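In what comes next, chain A is part of two complexes: it sits with chain B in the first one and with chain C in the second one.
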Partner chain A sequence: MRNLYLISKEDLKNLVKNPMWLFYGTVFPILLVVILGFLGKESYGGDVTAYDYYGITLIIYAILTSGMTSANAFMEVAIRKPNMRIIYAPGDAKAIYLSKIFSSFVFSSGCHLFDMILLCSIYHIHVSAIPQIMILFGLTELFSVGLGVMFCCIFKTEAMANQILSIVINLFAILGGLLFPIDGYGKIARTISYLSPAKWLVKATFAMIYDNNFRWFYYAVIGLILATAAVFIVCDKTFRKEDCIC
Partner chain B sequence: MMNAIIAVNSLEKSFGGKKVVKEISFDVKPGEILCLLGPNGAGKSTIINILCGILGYDAGEMSYKGKNINACMNNFKKHLGVVPQDLAIYEELSAAQNVSFFASLYGLKGKELAEKVTRALDFVGLLEKGKDKVKTFSGGMKRRLNIACAIAHEPELLIMDEPTVGIDPQSRNHILNSIKKLSQHGMTILYTTHYMEEVEEISTRILIMDSGTVIAEGTKESLKKDVFDERQFIMEIEEDNNLNIDEFYNIEGIKKVEKKEQLLTITTLKNIENLDKIIALVITSKSKIINLFCRTASLENVFLRLTGKSLRE
Partner chain C sequence: MLAILKNDWKRLMEEKLYLFVSIGLTICAVILAITLTNTIETKGNIALVLPDHQPMTTSVSQFSECRYFNISILETAPPKSELIQNRYDAVVTVNEDGSYTLETIKNNEIKEMIYAALENPVAFVPDLNSERKIGTNIIGYMMMFLLMQGVLYARLFAEDKENHMIERIAISPISFWKYLFGHGVFILAIIFIPSFCVIAAAKAFGIALGFSLLTYAGLIAVLAVLSTTFALFLNSFFCVADTANMLGSSLIVLSSILAGCFYSFAKEKTLFDKLIHIFPQKDFVNFANALEKGSLTSVVEWQFLYIIGLSVLFFTVAVLKTRKDYYYHK
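So, the complex of A and B:
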C-alpha cells in the first residue's frame, strides 16, 4: 500500500508538471464550452441557455476523455521506462496500473472541478443537486481513467490505446448528444442514442437539475459501478509485468 | 551450491514455440562478479527478467539462499538491485529525487533514506549534480544515475544488464571501477555484457552463452586454459622462395602452418617453447622477418573457438 501511495504521488507530480495535460484538462474544456456556447446561443431559449447545455455536456465529454490522460500516464515512453524499475522493486506489480488510475483520477477530477467552478462563475450555468452530480461525475471520471489504462493493458501501447479510445469516446459523445442534441433527428436516432453511456449521463444530470428527478441518476450510478468494476477486472486479467519492459 | 545466493537449475523458456533459454544451470556465489557473456539474442536478458520475476519460465528451478525464489520473491526483491539496459529514470526529476523515489520503494524513509541517497550519488560521482534535472545530464551521467538508483538501498545482489551500452570510454571506466569497488564492499554482482574487455577487467567468473545455452563456465584464466591450449605466431616475411612449409612440421609442437602472401601463421602448442627453432628455420631459408607477433588466448578467441563465430557478428 505504501508503494502504491508513493508511485501514485510521483505519477500525479508528473501529470501536474506536464503542460500539455494541464492544458488539455483545464483550458481545452473551457474553450470548447465558450466556442460552442457562443455559436449555439441563438438556438437556445432564455431559461436554458447554450452555456447551460454545453456547460454540462462538454464537461461530461472532458471527463470521458480522461482515459487519454491515464493512458499517457501509464505508457508514455518517459514514464514507461521508470515503470520498469518499479517492477523490480518489492511489492505487488498491480501498483503500477492502479497508481496510474488513482493519479489520473485525482488529476483529472481536480482539472474538471476547476473548470466547473470557473464556468459556473462566469456563465452562471444552472446547477442543482450538486452532491449527486459530484458523485455521478466522480464515478464517470474513475470509469474513464480506468478505461484508458484498460486499453493500454489490452493493446500494449499508448498510441494504439489512445487511437481506439479516441474513436470510442467520440462515438459515445456524438450518439449521446454531447456535442449537439441528437433527439431532434427522429425516433431512430433517439433510440440509438441510448446505446451511448454519455446519453445516460446527460439525461441523469439534466433530469436532476431541471426536473428534480433522480431515477436516471440511480440507473447511471449502478451502471457506472458495474462498468468500473468490469474495467478493473479486465485490467487485472490483461496486465502483464513483461509489458513494462521496454 | 549450498552457499550460493542464487541457484538456477535446468531453466527453460520459450517465446512463441522458440526456445530462447535451454536447460540453463548456474549459481551465483556471495561476493563474486559473475559475468554472463554472449552476443545479442543469447538469452542473457531473458534469464535476468526471469530471475527478477518479470517473466515466467517453462521448466526448471530457481532458488535464493536455498529457498524457491517464487516462494520468497518479495524478500528476494528487497535484497536485489537491478540496473536495466534501458535508462529507467525520470527525466523531469533531479538526480536526488530519482534516487530518493526508487530507494523509498524499498521501505527506506526519513534520515536513513536521505543518507543512502547521498551515499549512492557520491558513489557514482553525481553528488554535486544531485539537484540538477536528469534531462540536462549527458548519456554517461544518466547511466551512472541508473546505477545509483539500483544501489541506494544497498542490495545484497546487484544485477546489471549491459549497463555500459552506448557511453563514452570515460564513463565506462568510471562504471567498471565502481563495479569493482562495489564488489570489494561485499556486494555480489551478476553482470551481462557482450563486451569482452569488460569481462576481462571485472569478472571473477564467467558464463559464456550462445543461442540460449551455457557453452562454457569458469574464470577467465581457466576458460583460456581449457579451451585454448594453443598460441599463434604470425610473421610478416620477405622470402627468397626457399621456404618449405612442410619443414615446420618437424619442429616439436607445431600443429598448423599457413602462408598467405607475406603472412606466415604458425599454430603451435602453448606449453612448448619452440619460437627459437621457428625463427631459425625462417632465417636459414634466407627469408627476412619483417614483423612478428604472438596471438595468445583471449576471451574473444575462446568465444570464436567455442561457437565458430565472433561475438559481434
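So, the complex of A and C:
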C-alpha cells in the first residue's frame, strides 16, 4: 500500500508538471463550453440557456476524455524507464498501473472540479442535487481513467491506445448527444444513442437537475460500478510486467 | 516510392488488431452518419398533450397531421429534462376549452413558427431553404472522423521519426518529396477505401444518399487529401507521436464543431461567421451544400479551391520542414 502511495505521488507530480496535460485538463473544456455556448446561444430562449446544456454535457465529455490522460501517464516515453525500475524493485508490479489510475484520477478530477466551479460562477449554470452529481461524475472519472489504462494494457503501446481511445470517445460523445443534442433526430437515432454510456450519464444528470428524478441516477451508478469493476479485471488479466521493459 | 507503400502495408499487417479496430470504427462512423441523417428532414419534434382523452378540435387534428413537424400525442406533459435534451422542441398543451398553451426553451423564431402552424395548419409552409439536404449532412458527419483518421495513420511517419529511421532515409537516394508522397498516398488509400465501400454498400441497398457515387468518391477523396496532408503537416513539427496526435485530434474536434459540420450554428453575414471560413471544413460543407442544391457560384468554387490550396500548402510545408530538420546543411 505504501509503495502504491509513493508511486502515485510521483506520478501525480509528473502529470502536474506537464503543461500539455494541464492545458488539456483545464483550459480545453472551458474553451469548448465557451465556444459552443456562444454559438448555440441564438437558438435558446431566456429561460434555459445554451450554457445550461453545454456546461453539463461538455464537462461529461471532458471527464470521458480523461482516459487519454491516464493512457499518457502510463506509457509516455519519459515514464517507461521509471516503470522498468519498479519491475525490478521489491513489491507488487501491479502498483505500476494502479498508481497511474489513482494519480490521473486525482489529477483530472481536480482539473474538472475547478472547471465546473469556474463555469458555474461565470455563466450561472443551473445545477441542483450537487452531492449526487459529484458521486456520478467521480465514478465516471474513475471509469474513464481505468478505460485509458485498460486500452494501454490491451494494445501494449500508448500511441495506438490513445488513437483508438479518441475515436471511441468521440463516437460515444456524438451518440450520447454531448456535442449537440441528438434526441430530436428521430426514433432510430434515439434507440442507438442508448448504446453510449454518455447518453445514460446525460439523462441521469438532467433528470436530477430538472425533474428531481433519481431513478436514472441509480441505474447509472450501478452500471458504472459494474463497468469499472470489469475494467479493473481486464487490466489485471492483460497487464504483463514484461511489457514495461524497454 | 513503391517501396514505401509496400513497407507501410507490411507494417500495418504486423498489427492486424489495430488495423481491424480502426477500420471497424470508420465503418461505424459512416453508418452512424447515414442513419442519423435519414431522419432529420422535419422542422422539429412537438409533443401534443391531450389530457383525459379529450376529443381534438378540427384545427388541432389538422395540426397533428402537419407533415413538417414530427408530432407525438401524449397524455401527460413530458418532463423538462427531455426538453433540455432536445427530445421535443416544444410542448403544446390543449386545455379543456380548446385553447392551447405552448412551452418551449427555444428562441422566439421557433415559437412564432409553431404559433403560425397552430393558427393555420393547412396553409402552413415553413422556410425550408436554410435546411441542409441529406448528402450534405452525411458528408458533414463523416468529415470529423475522416479527418481524425489521417492523424491516426500518420503514426507511420511519426514512428519513422521516433525510431530515427528518417535519418537513414535522409542519406538514402530517395528525396523527401517522394518519401512523404509515398506515405501520403498510402494514408490516403487507407482512409478512402473503407469509407467509400460503406457508402457504395449503402447505395447498393437502395438507401437515399443525396449525391451520386461518383460525386461521393470525389468529395471523400478531397477530404482524405486534406486529412492526410494536415496530419503530415502536424507530425512534421513534433518528434513525439503523442503530442501531434493529442493536439491534432483536439484541434480537429474543436474546428469541426465550430465550422458547423454537425449542426449549423451561426447565421450568415455576421463577422464571426466570415471568420469561420478560415476552417476548410466550413468551406467544404458550403461547397457540398451548393453542389447538392445546384447553386454553385464562383465564390463557392473559390472556397473549394481554397481547400485544395490549403492541402498543397500543408504538404509543401511538411516536406520543407522535414528536409530542414534532417538534411545536414553546413
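To be clear about the criterion, the second predicted complex is superposed on the first by the 246 of 246 C-alpha atoms of A that agree within 3 Å, B and C clash if a C-alpha of one lies under 4 Å from a C-alpha of the other, contacts with A are read in each partner's own complex, and residues count from 1 in each chain.
What we mean here is this: contacts are C-beta pairs under 8 Å (C-beta built on N, C-alpha and C of every residue); 3 or more make two chains touch, one makes a residue touch a chain.
For clarity, every value in this text was computed on a predicted model and none was experimentally measured.
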item: Superposed partners chain B and chain C on chain A - clash or fit; value: fit
item: Partner chain in contact with A:236 - chain B first, chain C second, else both or neither; value: neither
item: Touching partner for A:245 - first (chain B), second (chain C), both, neither; value: first
item: First (chain B), second (chain C), both or neither touched by A:88; value: first
item: First, second, both or neither for A:3, with chain B first and chain C second; value: first
item: Chain B versus chain C as contact partner of A:14, first or second or both or neither; value: first
item: Chain B versus chain C as contact partner of A:52, first or second or both or neither; value: second
item: Dominant contact partner of chain A by residue count, chain C or chain B; value: C
item: Minimal inter-chain CA distance - chain C and chain B, angstrom; value: 15
item: Residues on chain A engaged by chain C in the complex (per definition of touch); value: 20, 24, 28, 31-32, 35-36, 39-40, 42-45, 47-48, 52-53, 68, 72, 76-77, 155, 158-160, 162-164, 166-168, 170-171, 174-175, 177, 179-190, 192, 202-203, 206-207, 209-211, 213
item: Complex interface listing, chain B residues touching chain A; value: 49, 52-55, 74-75, 77-78, 80, 82, 84, 86-92, 101-102, 104-107, 149-150
item: Interfacial residue positions of chain A with respect to chain B in the complex; value: 2-3, 6-7, 10, 14, 17, 78, 81-91, 241-242, 244-246
item: Chain C residues within the chain A interface of the complex; value: 15, 17-18, 21-22, 25, 28-29, 32, 35-36, 38-40, 44-45, 70, 79-89, 104-108, 110-111, 144-145, 148, 151-152, 155, 158-159, 240-243, 245-246, 249-250, 253-254, 257-258, 262-263, 265-267
